[in-house]
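Remarks on the structure that follows.
As written, the chain order gives the labels A, B and C, with residue 1 at the start of each chain.
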């Protein structure tokens, strides 16, 4: 799953392209963004009636476009390249002048910036399209879309407490997103991070309630370490099967997820960690000193969030600066070439799957030590699958994963309160999430609109690898 | 009037001219060989005939009637059908189901199995192609599978059968059976186009042969009136004459690469290398000539460590490396310029820098304490770009944006960055222009001065003759002969390549 | 433990599994992993209750449940085949859409949450097989089930005939195994894939209908309870052979029935191990297949 895809058309990031006919699409999309954002903000602040909000939205969007557009165009044209020979302006991602064919010197920072911009736009658009679709569903069911989104916005990002809760919700997803992204980058379609999460959670909890004589820091460190290793080892199972026996990893990881869920449930429901007298299926509570300190009052945001941020940095270093990161990228880009170059593909697969599971384990450990303070059977609300979604959304880049996780976290966190303040059921959040995932899956792939015909055969996925 | 006439066929792919104004004629009732090395354009030409590609220019006439063939179904409707090199058989379906796929005899929505089996059986008897209609294709040997493919063509009543490298997967006995079938088909008025590398077969069964080289039709000959070496020579070589280089030193006695009695199978389990043995000494360029498909690919894989021989040994500077992996061999000084530049030699989505260090990233100076050193990598990349004159904007471009010549320079830069002990160069100048070719040759000679042992595997006789100190010819997995530089001529090489092992080595 | 009631329960519980198994089987045969079985089944369950209630006829509800399933199958096909969406993620999306969508609609339409059990909705009438019903043991086990149970049994030979006796089925199998060969033979690869997914969706819709109106007529959130994945496990375990898949589904249904009864008493064998058994079996089966393949190649 290499990160190389057809880049988004330029018209999406620079609505006015000299002489381009696709201007209107870009402009329309930006108007929509403006409308939505303006309306949500207005609603959150003033809670005006929806008619007023709509009007405000229109005015706001027009004003927004009028304000934003020149700013945006101005910014983009600042980036334009100017041919030293014939003085023609060309788009910043051009490799050579369109008139005189003079090759431009390499500008890595500019290219990187444009790439980031493109990816960011893609992320925003995906989420935005999903929100739009969700809004339409809301309106069709007789609910007030603007009102709902206003609440969502306020309770996701409006108050400090809301923000803290969003970060809290984002924490496990950062870990699972990183874990999944590592594997995807190496061309391994690992759907099993959820299972690693459970294993990590279980064993971290075990450390937490067993080694109660240890002081805080060593106990916490040990718990995280054991949880991470447990998750990593769990990832090694499908990794070994793939590396040594060439068993396709998609189906095995899906199945092993369920094995992990059942196994860990067993451990607390009737197995060694069973606590008699407890109504729910949960383990003993971890020692007090192992419970992670809270970062903010009135929110369960805890130190595992800091760890998650550190993890992002670690993965950035891992993928771009270590030998394993290099071999993982090469295996993901062209496994045959990797073999010819002497890269040990089998070993790379094993290590990648270990690290992939490791981050899943950290996710679980973080939840145990920071939120629940014990291991409860089936506690995960699909953190692993969320991680997969944002890995795709963020194009397997650690920063992209972070941004995606923050967005998802805000959505989830804000979503839980919707039911309280509006008459919209919480399931709407599930629907919006599903739409986001759906749009991510499609990857805003508008190729089918283009005149170039694609290959005649279908996607041809299973039983072999289902990587897109 | 020829049965088939393809006139002025031209086909472009990005960066490459696959067919350039090719004229191709086939008479009714003949077996016509289409010969040429990889990349010569034969597959493209036949894909155009079969409707899998659309020509950019040119026309196709069937019995003097202009036809258009937009897709394979149209070709089949016209009576043109093809057996691909990689069979188009569905493994879990039966013989009869495969033969009739898409054209099944039905009873309503149901398959009429009796009729299906009966028809297949009838065809099978009619053409002497023994098959069991209810057998599952996956359980059949390759030779029988091929019979099923041919039956498929006959079921669709093909008048013109195109066979793409049919004997590549067959044992000698099966090849004889195939020839029997072809003769029978031709006897009853059908026509066959036989794409092949194997000159022995061209001589054995084909009436005429057309040679393609670098996208152009070089000529058509009557097989009965031509020597195989002539055809071999038509296939290889270039427009440009390559002057012979001067040897400036006597070859050292030190053997750097020793291959001893190596036996290896190919992917299908058939023997590809049958006891091949040779030595390459320090400061020597040993050229390996041979028509493609005689074991070169397997030899390359075995030397690199991607395939392990059933028997035999390989020694690098005296050290036995027969069972060692690729990384170990590279660490001991082995370098390779692979045959397939874009799939084996480069990672197209990756950057120039990444491609340049892919073989050595794990050690100093590119890695220290497990971490990559970007400064060193960048420095190396810039030096390489400069030294090898790679036309790029910078080291962070994706390699897929490079032209063929530039891309090959990247491969060469990578492999030659540290003077290797042994360099294996496979088709190093394929698809390159004069300048790039010159460059690669200069590098090879430079290495030779530095006492590297070089094995040059090439289908280009001129290249081999210009550069090699010694020439080996591989034929059907073993050495057909060995010639010293002074004794090697195109004619002699051609003989050996065509399997005429009895060729005398003196004038 | 009452063996007879256990077997009776097995048949009842494995019916939806078999139907979904056949659906998953069709996807497998056409070369696609169908993760969305779960969502299509859940939607069918919901549709059966809603339409059964609104239209006053449970049978109509079942019919429309099948239609809804087919529509979702078409949507999935559109995403994956035409829009080239990532297969797994699109499947996940569909599942979430179904989970959230059914709960949402339940709230919007009926102001209920958790469970939807409309008054006046009757479950499907039990079918008694005339002579068999009087038989001592077999009668209890085999007769008296909801009609969809018998439908599920019927689906197995039907699927078999469809795949192995009908021209269309042969085309589907060809597309799944060797799309190029099918293409050259004039078969529409995309067409076959669409067909398989839509038919699969239809079957999932029926399975869902059995869950909701075949038993106690109600819909509960998430009532499919990962059955879609168990059925998928059965398909992979059986390498998409219809009879073997159905047998695996029966086995897994048996596990579930057994586990429910074991839960009511203290036993040595934990429930969770029974529940994880299907998934483990798939992994083992896949390993065995790979080992055999490597063995043939000579390692």
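The working rule: a contact is a pair of C-beta atoms (placed from the backbone, for glycine too) under 8 Å apart; a residue touches a chain by one contact, two chains touch by 3 or more.
Given the structure is predicted, the values throughout are model-derived calculations rather than measurements.
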Identity of the chain that, by mean CA position, is farthest from chain C: B
Chains most often in contact, by C-beta pairs: A-C
Distance from the mean Cα position of chain C to that of chain B, given in whole angstrom: 48
Distance between the centres, which are taken as Cα means, of chain B and chain A, whole angstrom: 45
Whole-Å gap separating chain A and chain C, where each centre is the average of the chain's CA atoms: 31
Junction residues of chain A - those touching two or more other chains: none
Touching two or more other chains - residue numbers and ranges from chain C: 180, 183
Contact footprint of chain C on chain B as seen in their complex: 72-73, 76, 88-93, 97-98, 101-104, 106, 109-111, 113, 269
Residues of chain C defined as touching chain A within the complex: 27-28, 31-33, 35, 79-90, 92-97, 99-101, 103-104, 107-108, 113, 175, 179-180, 183, 189-190, 193, 226, 229, 232-233, 236, 270-273, 275-276, 279-280, 282-283, 286-287, 290-291, 293-294
Residues on chain C engaged by chain B in the complex (per definition of touch): 165-168, 170-171, 173-174, 177-178, 180-187, 297-298
Residues of chain A that touch chain C when the two form their complex: 141-143, 189, 191, 241, 245-248, 250-252, 254-256, 258-259, 262-263, 265-266, 269-271, 385, 388-389, 392, 425, 427-431, 433-435, 437-438, 440-443, 445, 447-448, 454, 456-463, 466-468
Residue ranges of chain A in contact with chain B within the complex: 2, 4, 95, 103-106, 108, 111, 317, 320-323, 325-327, 329-330, 333-334, 336-344
